[in-house]
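Two complexes follow with subunit A in common, the first pairing it with subunit B and the second with subunit C.
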Partner chain A sequence: FVSYQVEILDWKTKEQLCFLDKVEPNATIREIRLMFHKLYPRLYPARQSIKLDPKGKSLRDEEILQHLPVGTTATLYFKDLGPQIGWTTVFLIEYTGPLFIYFLFYFRMPFVYGLDERFTSSPHPVVNLACICHSFHYIKRLIETVFVHRFSHGTMPLRNIVKNCLYYWGFAAWLAYYINHPLYTPPSYGKKQINFAVVMFLLCEAGNFSIHVALSDLQRNGSKIRRIPYPTKNPFTWLFFFVSCPNYTYEVGTWISFTIMTQCVPVGLFTLLCFIQMTVWAKDKHCTYLREFKDYPSLRMPIIPFLL
Partner chain B sequence: LQHPDISVTDNVLHFRAQGHGAKGDNIYEFEIEFLEPVEPNPVCRVTQRQLNITVQKKESNWWERLTKQEKRPLFLAPDFDRWLDESDAEMELKEKEEEKINKMKIESRVPKDPFRHLKKGYLVMYNLVQFLGFSWIFVNMTVRLFILGKDSFYDTFHTISDMMYFCETLALMEIVNSLIGLVKTPLIPAVLQVFGRIFILFVILGSLEEMQSKPVVFFIFYFWSIIELFRYPYYMLSCIGIEWKPLTWLRYTAWIPLYPLGGLAEAVSIIQSIPIFNETGKFSLELPNPLNVTIPFSFLLQISPIALVLVVFANCRYLYKQRKRHLGPKKRKMK
Partner chain C sequence: MAAGEAAVGGRLRGDMAAGGSSGSRADNGYGSQPPRRRRGPGALATAYLVIYNVVMTAGWLVIAVGLVRAYLAKGSYHSLYYSIEKPLKFFQTGALLEILHCAFGIVPSSVVLTAFQVMSRVFLTWAVTHSVKEVQSEDSVLLFVVAWTITEIIRYSFYTFSLLNHLPYLIKWARYTLFIVLYPMGVTGELLTIYAALPFVRQSGLYSISLPNKYNFSFDYYTFLILVMISYIPIFPQLYFHMLHQRRKVLSHTEEHKKSE
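On to the complex of A and B.
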């Protein structure tokens, strides 16, 4: 019976950007974002950060106006997050790049190794195997992005995609160059080393996929409530007993196996950087879990059982 | 007053009671909806002539007005004896907060680290050893400069290198100290400085006989040792909690000429070493090799002066900020 008035100020200059009259008390922040978007067509909702305090955190879409600590005339602050791009789009671009870049080197395009070596193929079977594994890895990631992953944030800033693509595509080119090089040296321990690596690779890929499926099942029905992930009947998910983010553990395992398979320093370097980045993410996730759930299993470590 | 029914639901105060008034026995009631959320349990005190209801705000802050609606109910009048101005309210809040902070400080005082003496002792020893090492280097080089003049340039490496190897290898401990949080220095400047110096010392100078008899070695070692002459004693004293102002000033000012000069000398040494590395092919790795990687060492050397400039610039920027922090405030006070 009381309608609210909402004024939205710029977070830095504090000038009034818009004044909304007769807002329903049970209006959600999402509806307010849509109203703001009508006034400023360029600033679509994903780009708007609406907050109660100029230096505070952005309000979520689901928050309801009357439950916020505001009076009947609410003052909210707006910050432009810059052009945004959806997570799915980002992942699709990030992962298709390495897939095709590797092929440029595998099929020895003329400009890569010089005209004399164009379109030749390597005498080593391990090189073909490496191409199959590398492609399998990225195709699996693409399938997961489209069918399995559920993203909690809708978008990320556009400039991130340049950074991420440089990293993934650059490294893919660097390691593909050496693996498919005419002067490539196969692993020192021969077939034993390669077979071991292939088995490890397949196990880790299966594990990684199982974890992604398990995590996605947790958020079925589009519920935004967070729950603790637990092991299921799938033996690969039993790593959840020991680790908060087994998907990262399996991912590092995949790259270690690829390093062993190809015996190539650039691959090893990429594995090391992946490990460092994923450890940072895993620790972050682990801390969030500990904060949100009082009964979080105490045996679990972030990424490596018992160690890290 | 009889049968009072007082409650707060959804930030609305409901009052209902039976009373004996001027017009006989009647049932009196009113409702007030508050501006902002309130605690749901009002405290009531009844006296002969009046009934006191105390309702607490959920959040302690200033309210523009009591009720949600903009018009004040006609029966509502403020009691100015208890009125708190906005500034009074703020003062009250501030006092309460200060009390809370003091309480927290006393209650949650972290139990003193039982190892703190050991840690301090280790840091003092480390800084002392480094100071002695670099003093030896500096004094030695200065004496030889006076005695031999320019000739001392050519065998600086031969006489000084052992001590310099020792000191710069020991300097790796500074990275460890920063990593485990023993020292407040951030990790990145420490890593850049130590690794930069180790690269110059072991790779550029140490691995090439030819480089070792070049005059640039003298300048590199001299600049490094003068800076450290001020840095280590300053750290040593600050561990014990003593501050000697002239030393602080030296530590945070000497870098201004010395870091760029040191960087220049290092860049010269790199450029001089490039042709020698090209000839011998040291540290270069070509295909095929079991590691399946190439190290274009010559190319990397040629672009390393750029990296060197960036590192020196980064360290200078860090020290400039530190200088403002340690030396700046005093200047303001003097004005």
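On to the complex of A and C.
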């Protein structure tokens, strides 16, 4: 039984931040983080990036000291990731904003469209429908954040939340402005267009929800083992035959349907940006799957069946 | 072709003056960076890039000569824009190809950064100077055209020489020094031109759309231009100081290299 010594250096200045004596060989990085935290109370574990190489990737909590390519005196590097915020908190803030911001425009708060239009309502039914759909979408997201999602990372840097909120809240305000504007023009093809859009919207929301549930079921019991998601009895999950990230596919579908429903260019632009962002995420996820699983189904594309 | 890669790469936004360094890498033409996974341009791509950079150098030289000739012929420096309008439009727009170069990986620069830079130039050329005819006789136009011309001649010849692995120190020095004057000069010219265009845009409602319309969209070009002008405030100092930083790195590295020879 050999006990390890662990020295932790600052990744930039290389000064020794701490020296841990008599560390068990089967200690996990998580435990080392906790030990470091005891010495530096302000640097809670989520803020610590511990790595083997100053410019390398952060080590995961589950890694075991003796399995790392280090001698019995291990040198690790520390980087402060800055204040962190939990994913759940981030999502709650990100999604509550658009929900209420939309209402400011829907109910035509005085400062939005001028005093003459304050608290008036639109003569077009589609405007009410759009409010219901938009609110439904974000309420659904909030419910999923609290009850369904299981996040693999605990936290993200605090400054991300400013960036993310600006984006979500800003766009929500921008598109709500036009949809609820007194000079709003309803869709050119009238009821047909709106009804089609509503049906598509509901199907995509149901699909998106089904996928989230399916993904969450994969990680029962907080197990950190990753598994390939497969189609279940739920027909909405059959998209898994063709796509790695059907949740993104359905999400894009939702926004396309909302664009059709409102026939509003800002909504279309938001949809486009969502599509681009989700394609990037989907490709990333897809590559990760391909790397991790040798028997990954070859028919699957990242986000659009057969195409993308 | 590491030197080629290192030098051809890296531009900074509004590469207005002979600055534009290689982003986060020491653009010293000596390829002293960690090994990159991306494969560099092959022989065919290098040949194409040499041709491209030579053509662009020549193009901007044409513009420079055009300006001088027009000045001599007219006897004054006012309204010289008209004499170089066509080559300016052609060669500045041609720079859009550089976005593709990054996208295809033959130039190791960020696509987004390059796109942003080129688009801002193209925006000024077409959406402001070309579209608002009344500003074409403004002196501010001459200010940025001169700044761009000198910058681009140096920048493209820098790339050409780097690709051929034979970079004269003078060109490198010029690229990393003249920007100190040219960059503010160009920015001033651009801002004054946009400012001059404002009343005409307001009057004519250029590129603007108002409610109601079936796309449920509105856009006020006048406000947009004002926002563009405001955006210079955070962007310009950042880039300027970054280029100064790059200058220190690049030129001092060359000094060391020379001393060690």
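Basically, the second predicted complex is superposed on the first by the 308 of 308 C-alpha atoms of A that agree within 3 Å, B and C clash if a C-alpha of one lies under 4 Å from a C-alpha of the other, contacts with A are read in each partner's own complex, and residues count from 1 in each chain.
One rule holds for everything that comes next: a contact is a pair of C-beta atoms (placed from the backbone, for glycine too) under 8 Å apart; a residue touches a chain by one contact, two chains touch by 3 or more.
This one's a predicted model, so the numbers in the text were calculated from it and none came from an experiment.
K.L.:
Superposed on subunit A, are subunit B and subunit C clashing or fitting side by side?
P.N.:
Aligned on subunit A, subunit C clashes with subunit B.
K.L.:
Return first, second, both or neither, reflecting whether A:T185 touches subunit B, subunit C, both chains, or no partner chain.
P.N.:
Both partners.
K.L.:
Of the partners subunit B and subunit C, which touch A:A197 in the superposed model: first, second, both, neither?
P.N.:
In the superposition, A:A197 touches no partner, neither subunit B nor subunit C.
K.L.:
Would you sort A:I303 into first (subunit B), second (subunit C), both or neither based on which partner it touches?
P.N.:
In the superposition, A:I303 touches no partner, neither subunit B nor subunit C.
K.L.:
Is the number of subunit A residues in contact higher for subunit B or for subunit C?
P.N.:
With both complexes superposed on chain A, more residues of subunit A are touched by B.
K.L.:
Using the touch definition from the top, say if A:M261 reaches subunit B (first), subunit C (second), both or neither.
P.N.:
The answer is neither, since A:M261 touches no partner chain.
K.L.:
Can A:P69 be said to touch subunit B (first), subunit C (second), both, or neither?
P.N.:
first
K.L.:
Hey, what residues of subunit A end up touching subunit B and subunit C alike?
P.N.:
178-179, 181, 183-185, 188, 262-266
K.L.:
Tell me, which parts of subunit C touch subunit A in their complex?
P.N.:
Contacts found on subunit C: 211-218.
K.L.:
Could you list, by residue number, the parts of subunit A that touch subunit B in their complex?
P.N.:
The contact residues of subunit A facing subunit B are 2, 69, 71-72, 178-179, 181, 183-185, 188, 262-266.
K.L.:
For the complex, which residues does subunit B have touching subunit A?
P.N.:
Listed in rising order, the residues are 35-37, 59, 64, 68-69, 287-294.
K.L.:
Residues of subunit A touching subunit C in their complex?
P.N.:
Within the complex, subunit A touches subunit C at residues 178-179, 181, 183-185, 188, 262-266.
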